[in-house]
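Chain naming follows the written order as A, B, C and D, and within any one chain the residues start at number 1.
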């Protein structure tokens, strides 16, 4: 038994002052499955070079623009195989499209793109290219989210009736001038939705990932509480699923004191599940006419789905980086498997989930504009 | 200083097998402010007599019907002064109307009545009669709810932006045949709404009591998950308030494992508050750019509003009965004050709040039927 | 079926400014089983009269001293049957002894008395008199404490190995001048122990009540952290039980921020239980190789012991007063049963438990003085 | 700015079936500061080779014994600079001594060694050699532990009065036959103490790290609950500190349901702190006469000590691996600083803390054997 070879990774975006770039690098490093070999890390060549040096990249592989990177790496024998796209949202589309067309594998942050047309174009391109295209809906990497999904799939909750997903933050409750805040509230960089794109797509994907339910209709209410803010900073949608189940999805960035409080509750005819991202090593399970059970990561009563993405024994908490790394590792596995000609269903979110997220935003915006229920 | 004289209380409904009747009696007893002197306790004279005997009522003051009670007590020199109406909902209107017209004070359970017309008629009758008419929105009796209200009123949260109120139960997740369940799912006894009337009115009143916000528009989604059930067992409403704030109200009786999980979150420009009925001695307070503070009943940092309804030192938990008793005691105080010719604003929920609750149900039903936002 | 007649109650101590007197009155009132008929409520006749008037006692039954009360009530046909003794500790002994000798039933606060000799004398006197002698170890009235005890007794934890009982307060972390604080830190009024008597006896009784374990040996460490304080304000004891189990008992009144945080954990060969007084409606149950279960008062999976002292459905929290009232009601039941000639094991803590508490304090003081393990 | 060069790491122990070896590798990888270049990974050459291959080590640098590794790496120009020793405890001493003598830096797991003499010898050798010698008391790497320490040091708790440290596990509540369990309960491999060495040393170090308090005297009670088990599986010690403060340290591996529940409470004259390893992103802070504050990693109100070891924004939980990695990264920093001739106080636990832990075990064993308080 030998270890799998490291996959060669390049980053677009993710310079030193970017939050999410560092997360992707931690995630890529944790399981030792990647070598970071190249980058176009910032919006200017100078900043990109400084970031590349600080990351120890070889100077000739620090590119002044993403176009140069896509071009420069493709013909090297040791060229990057996969591009992580961690720019502000408006660049996801051109970078990803160029990357796919140049046959790179892609790991793209969410929300995927600004429009349904762009999303569909990327999905089509990836299918044609036969490359890996992952979208970092990272919360689906948590072991107890895998457990919840397995419990739904094996019928332990009975037939699903109701799903509630909430994603609460408070950091945009006042006017903010950080780089993070500025691009997230600028429609040119962030796209047509604010919190709905930033958090709502995570919430929608998590709900779908765990439950498998398909939205049939929705009505949404979008609000921006800060004067002059161009995009929504608070949103709630009521959902009707095709099987008759109902849902509530609520996201906000103006709830003072809330940090990164993503929660999911699933209710079926036989039981319920509750999970919180800020307390990710526990899953509360209520069964009909029985006391609540507290499932813990690594603890008794868990299934194979959770076990396969668990690194530590129970009581030794795993958290955000570990869940993120689980996606990176699954992508590395799939890249190597494809190299061997193996085809298997991806166990990470793909461009398909990215497209669903864009569609969710599109439908919610239409509903909010009209004040009506709209078909999904 | 001598203690106030006990107020003479009669009950309509609340026989031995009724949950809420026993709660009212505990609440009336706790502070020693009432004598229970008469009752029409059940739907049949035989059952009423048995319940009356078990409660130690004098046999001649155990009535076979509420009509006989209203008639029988009014001319006795020691007759009941106040009637607690704890019947299934459909009797609230005729009993309360007769009681007010006969100049009894009234303590009525919620939801007040089935229709806006009935609610308005009761409100008008009580105003004409000049009698006390309390509605037992008991959760507004909790000390930390009083604290939350005071903090809102004194501007500690800034301007309000968002309110979320949730009331989760699970006991109707399956077909139930208990007396409690049967009348709550029968439109003839319960009125046109199920969980919306039973829990939704509590939620709406709690939100209004704490925030003072006035609903301007709402859209509601009502669902019944059990085949053959005639009334909603799950409901969510999105709210727009007159000041521009937004709200979400969600209630359910099909969430397996949830017991009596009423929660309130209030978000303003300066801070947030969070409270749960099942953990009622704590109030979580988030302030802009400061760590969360945990306010405790009886603990440091609390105001006069909470202190005035607190019986025990911090760490010695008070709970459901105590909060309920706070309303009963406030009613007794007001009855005695009126006896002395004193007029003062009631510090308990009145028929006005009862009317608001009926209006909320009415508007939510209209919205759910049309799938549209409706004016409040 | 008719209700039991109310038992006639007198109070010694418990004037208007006393915390615990009001608690006893709430507890006596909640279930409607007592009439408060007389009192010697304060240390001076004037204050006693003022308190008696405020409580609505008949002036001739408000006594200037406990001696007068014991004398005055015994020959009235409507005289008090039971005396609640809620004075500072140093009066427990003379009052209780006189009361028992005059054939009153007694409800006495804890710690019972200052010395083992006094405790034995009371136990002997009560046995000779054949009267009820309850000690208000009120925490044993909580429904989930009854559940825990039943689970131990029915073997659901297997053989017991370890017990940890903690009682944390912080209100004496600084010099205090309230009446409550002054007598608790004065050896003439409080007895030879400070926190050990005040909280340690509660902790010891709760541990014994739930587990039935008998202490064989102990070593204790007593500390007083405030300069000039005469009695311990922090204490920990290591325990060896006769069956080989081990225990830790720790109590403090100088832990800033702790309110009334009594906790019990019991560990056996098959499972564990955890309970907290400040969250009294939940009992955490760990079983070998199974997820933790959360038992709730009134919820699924509970036994008869809890059910018999439960007033409200699950999710409608009960708390401190309710648990206290459970003892009062059990005492009333026993008084009436003895009136009928029925003899039955008391289901409330008696003078025997009071004696055990005094013995625990005695042994812990001896151990602390010598720095050695001592036999119990 | 360029990144620091990676430090060359070899492991002794930590083969594929070892829990702690994988943790060390994750910790070494997370921040990208090490290259794993060599190993003597298992007790037999065959197993070592298999593990080395699976880790991708070059075959000639997978050694059949630790002696060969120490010898083989020292003269290579690319030889390992630092040895991580993650064997069962009995090998810590010979491996570490040989490593230090050969001028390797050392990262050693805890408890350091079996005897005070060995510990002193290692401390002396490391001092003579001038090499880094870290001991992986990993819990001191948590950001909120750094915050707690800073708050103590800056006087925010006032003068310290009491410290309680608990470390609860349950996995040895029954006879276990896993490799992990077998060596931990075998005195030849584990040393003279069981849970006291395994968990007690963590607890003692955490207490000292945060408070700086020096133990003056202690009394300990050690128990083993499983028949035939040679070492303690439950232990409690009462502590007297030199400044007059008191402490309780309690550790167990037989508490069914407990996973890895390390807790620390610190009480001073001005406030208290509470932290739990299983909920590591929150620190509860009680201040005199003020509501409790909930400090969160990355949240408002935190100091520089926490910030300097924080990777993610608040609400994005960090956990066990991250805290462990913080020690590894500090060691890498120190190795490179020494290379530059810089001398600075280590900000990771060293052989001195390892020695203190061995001393703590020694004193606790002596006390338990005699049943007496012993000087530290």
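Remarks
In this text, contacts are C-beta pairs under 8 Å (C-beta built on N, C-alpha and C of every residue); 3 or more make two chains touch, one makes a residue touch a chain.
Note that this is a predicted model, so its numbers are computed, not measured.
Least step count on the touch graph, subunit A to subunit D: 1.
Look at where the CA atoms of subunit A average out and do the same for subunit B: the two points lie 43 Å apart. Spacing of subunit B relative to subunit C, judged by their CA centroids, is 35 angstrom. Subunit B and subunit D, compared by their mean Cα positions, are separated by 55 Å. Within subunit C, the positions touching two or more other chains are listed as 258, 292, 296, 299.
Taken as a graph of touching chains, this assembly is fully connected, with contact between every pair of chains.
For subunit C in complex with subunit D, the touching residues are 161-162, 164, 170, 173-174, 219, 221, 223, 225, 234, 236, 238, 240, 246, 248, 250, 252, 254-258, 265, 267-272, 284, 286-288, 292, 371-373. If you check the complex, the residues on subunit B that touch subunit D are 285, 289-296, 299-301. Listing the residues of subunit A that touch subunit D in their complex gives 1-3, 19, 22-23, 25-26, 29-32, 50, 53-56, 169, 258-261, 277-281, 296, 298-299, 311-322.
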